[in-house]
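Both complexes below contain chain A, partnered by chain B and then by chain C.
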Partner chain A sequence: MIVRGDSDRRWRRIFLILGIVVAAYALLAPLTSLDAAQSAGVPLLADRLWFRIATFIAMFVVMATAWNIIGGITGYAAFGNVAFFGIGAYTTGMLIAKARWPFLVALPVAPIIATAFATLIGLPLLRLRGHYFAVASLGVGVAVGELVQNVEYHGQPIFGGASGLFLPIYSIDNRGLFFFYLMVLAAGISIAVTWWVLRSRFGYGLIAIRENEEAAAVLGVNTTAYKVAAFALAAALTGMAGGIFSQWNVFINQDNAFPIEYNVQMILMALLGGTGTVFGPAAGAVLLQLLIQFLGGSLPISADIPFVSDAARPIVAQVILGVLLVVVVIFVPRGVIDFFGGRTRLSLAYLRRSLRETSL
Partner chain B sequence: MADFVQLVILGLLAGGVYVAVGVGFGLVWGVLNIVNLAHGSLVIVGGYLTWQLFTTLHLDPFLTLPVDAVALFVFGYALQRGVINRIIRAPLLFTFLLTFGLNLIVVNMLLLIFGSDFRSVTPSYSGQGLELGSIVIPYVRLISLGVAIALSASLAFVLNRTRTGLAINAIAADRDAAQLVGIDLRHAYAVTYGLGAACAGVAGGLIAMIQAITPTAGEPYTLQAFVVVILGGLGRVSATVVGGLAFGLVEAFGQSIPGSGSVFANAIAFSLMVLVLVTRPQGLLGRLR
Partner chain C sequence: MSAETKPQLELRQVTKRFGGVAAVDGVTFEVAKGDIVGIIGPNGAGKTTLLNCISGLYRLDGGDIRWDGASISGMAPHRVARLGIGRTFQIVRPFGSMTVRENAAIGALFGSAEARRKPKEAFEIADEVLELVGLAAKAGHPVSTLTIPDRKRLEVARAVATKPHLLLLDEVMAGLNNVEIDQALDMIRKVHATGVTVLLIEHVMRVIIGVCRRAIVLDFGQVLAEGEPDVVLRDERVIQAYLGERYAKRLKS
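Our next item is the complex of A and B:
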């Protein structure tokens, strides 16, 4: 690899500045919706749609960053993390809707229950490796959703059943603003946790497990405890996002609390941004979620896809997502963050090398 | 007692479909080390082929099965040769994501072509059955079980008695050594995946006769195929046959528990799988490697 010091440093600085500008805009734009700003004549930069999309993006930043801890740093391909999201959503949802707890008291319970569940299933599941772990975790995701929807007690669905669970609306001024900043806070916590993990003895143990589990065990890493802890940490963060989601969205059911496609989306985000890094999954989450919203036609800017009717649009969007998945996996397996860090440049030679390394 | 016999028969008949879905999945997994998340979508492609041939040409659905097999073999061969071969040396997560992406593409293409309506294949004999005292055995299910067994037997024959099959076995044993003795890996990999896809196609034809299909109907079958292969044990066709029939039985008995209904099908399947993985990871018939 040829090192081009000056131009690389310049590019890195440009991307850094760009990232800061985007982040600053995202964090400050909501303030224009406050009454004080409106009466002072500041132009409105964030409407309801803006809040909805931005909160969704922050939610995926949490999930992708959390997945990175078990999938990227520890190297265990967890395919069922959506179970923790759903458990978090239903924990907070049940406490608010049935037990009438206040939201901010019910929210911290979500990561606790998710952690407990992850520890419980992690002990048997994390004994499995490779494909076995991946599909077993996928199965857990499916099975938990099914149980939550169908478990009954004396003929009454415990968790609201197929008709879902309605929560009372959280009464606070500027609700959109509140939930956006709450989700951003959750995203910030996730990134900070990742940063800490990567600099701690715990994180080095996890990386050792990823690189060679037997060797890690020989070196004195308590692999079972480390793996379960990583799984539980990912579960706690994901559960927290679920807890916020339930009160933000006011309505939860099996479809929006346990969507199977989230499993793959969070992995693709982490992969796109670069697994095992601090900011990679977050960057991937922003990019991919914007793309998904764009393809789905819910962004204010949208482009017509030629020869496609409006009705077929969501389906075509899925096809494009599938093609993107295939292309990313084949050509940029180390994530696009490789290009921004100044480590490599996007070139034909790079793509060809990626292909040669993995193909038969 | 009659209830019990009825349950056993129903379970074994349902198991026939799982055998058909499982053998192709197990072949691809065992030889190529790919958990093929696109398997269910290939199954449904086979189902739509049978449906199309049945509705437009009025062919007997069982006669369309060879067509499904050939068409899916060609498709699977091309897919492996053109796409999946590119990431064979990548970490396992990548094969997972790639096959998931392929699944997404195939399912949504089917949605664009056929829409999301339920389609079913109903030949004249579809409602009839063999009556044995109080027990009725539907003909379609009975023949399906026979087809599934025949499919497994022919796959086992190909794998154990032909040159191609021996090459596939050699790859499963040691890829690099296989290459050293002159096996064309790219071709052999593609043939293996093609055979897996062909089995999926036949399974899809059978499924179209048994249930109404939609483009998304294949996804549960991917997960069930996984459970079936684990249950029997990876690496042998006969083990998958046993796993499929056992899975059918477990499902039949699970659904007969009052109050559980069919809503917990996935939960039962996965609890069973985790149980097997933790207590007997090599499967019912598998050998530890």
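Our next item is the complex of A and C:
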């Protein structure tokens, strides 16, 4: 153990340095696309396509990290968090498109509305436990999207209806860069919030609820208030991502603001990375989003999947994600972040132990 | 003996039904401040249901529970806890992902109404409490490594960390051997010595006679007998409830 301790610490340091280098590259490479950098002869390290993907990744870092607060730390498997994303997107979208608010004034309203909505539905929904909560939250996620598309007033769709909502383009130099850094900022805020939660009285209460709700209650934890607060906090962060997305994408409709598959993806990301941890969901989001983009064929580095036509790629991607979900849940229940703490190592023994722990 | 002092906890005609069955049926008794009272009774007599009623996990179907003269019926469990009523569970419910110290700290973090403690203070209280119950040496251990007796201690430690005025103990001795029972008895005496009123459910008669000043016998949700432990345990109705009519007769002859 003592001998291994040293080498584990060394590995941990290597991973940390590697992580910082990769993160620094990802954050700084887009800057080389600036005109000033180009005219100064700096080689182009990231083009528009790359940081569009990078913005997507940051967006999923926000969503997976936010889901972790209710799903990972509090232990309530929310399957409808995409509702908060869509509500955030439509809040900011409507304020910009219809009320002509400036983007940066409309953006903070998104988390506020998402929080209010989460509080309202959280009060009845969080009385349910286990599968019942998961299914009910999924229902809410689907219902909100349908409502937004179909609500009419005097025969006119209020939120743009099936044809969606067009926003005026945000006039700023280097728009792509701006939204990339804004989304990265949102991701940073989400991770910082998680870090704070896990060190606070609030976080200890949430973990106690996850481990045993009745025991938490008789020790003085106001379980209802805490669960709703965790749900609302997750909604605020997810709503913020939605708000940024609406102006970044300029066009929103039911398909891109309320995609059902995001529900599964953000959970899978948190599980893959490690639920209940600060960086796990973020790591999972980066890994999985890269995989999704790769399978979808939108990465510059691409490979043919044998026996699969281009048209079938998205479907095959879904299948692979499903298989991955099963494998992760059974074999890596604490997420890949488990291997970076210096305590455990990926080995056959680890997989066998996990299988024993997760099977009934 | 509690006639002169004002009762700390009062139960009046407390009733809890599950479907048609009255698990607790018109139970009335009082507990004075600083007392140690034991509740005994055969399996299914309604002992745990009664504790669940007091700690707010169950809503009453009838009657009233009063704390320091004010009704606490229908109050949420966390508010009951913050009034100073701590409890343990018969089947231990540790927070599995936490260490022993963190488990105790949860009680200190949330159990008090007066002070909203910061994690640092809560951990100091947790250390004191772990010392009291004899778990200090295992403070940093994950709960999963604890033995059954230690888990029972942790259950008590968490409740004591809320700084309760009244402690409800649900069969903390069940499953322990004789040596462990003596240690647990010692622990209960220590906790009681800090000025905490104790109401405990127990099957082990040695415990009731050893620490309790008063015993209440429940049977079919009703109070069958009440009084000093050795008097109550010799009561014919009590023996009958526990051992059946035939044995009661045999014992008598």
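Heads up, the rule we're going with is that the second predicted complex is superposed on the first by the 356 of 360 C-alpha atoms of A that agree within 3 Å, B and C clash if a C-alpha of one lies under 4 Å from a C-alpha of the other, contacts with A are read in each partner's own complex, and residues count from 1 in each chain.
The criterion applied here is as follows: a contact is a pair of C-beta atoms (placed from the backbone, for glycine too) under 8 Å apart; a residue touches a chain by one contact, two chains touch by 3 or more.
Note that this is a predicted model, so its numbers are computed, not measured.
Within the superposed three-chain model, A:Gly88 lies out of touch with both chain B and chain C [touch as defined at top]. In the superposition on chain A, A:Val135 makes contact with chain B only, while chain C stays out of contact range. Shared-chain residue A:Gly205: touches chain C; no touch with chain B.
In the superposed pair of complexes, A:Ala217 makes contact with chain C only, with no contact to chain B. Within the superposed three-chain arrangement, the count of touched residues of chain A is higher for B, of the candidates chain B and chain C.
Once the two complexes are overlaid on the shared chain, A:Pro124 sits against chain B while remaining clear of chain C. Comparing the two complexes, no residue of chain A contacts chain B in one case and chain C in the other.
Within the complex, the chain C residues that touch chain A are 55-57, 76-78, 80-82, 86-87, 89, 93-98, 102, 105-107, 109-112, 116-119, 122, 158-159, 162. Partner chain A is touched in their complex by these residues of chain B: 29, 33, 35, 83, 85-90, 92-94, 96-98, 100-105, 107-109, 111-112, 185-186, 189, 223, 226-227, 230, 259, 263-264, 266-267, 269-271, 273-274, 277-278, 281.
Note for the complex: chain A touches chain B at residues 71, 77, 79, 124-125, 127-128, 130-132, 134-136, 138-140, 142-143, 146-147, 149-150, 152, 264, 267-268, 271, 312, 315-316, 318-319, 321-326, 329-330, 333, 355, 357-360. Those residues of chain A lying in contact with chain C across their complex are 199-201, 204-205, 207-208, 210-212, 214-224, 276.
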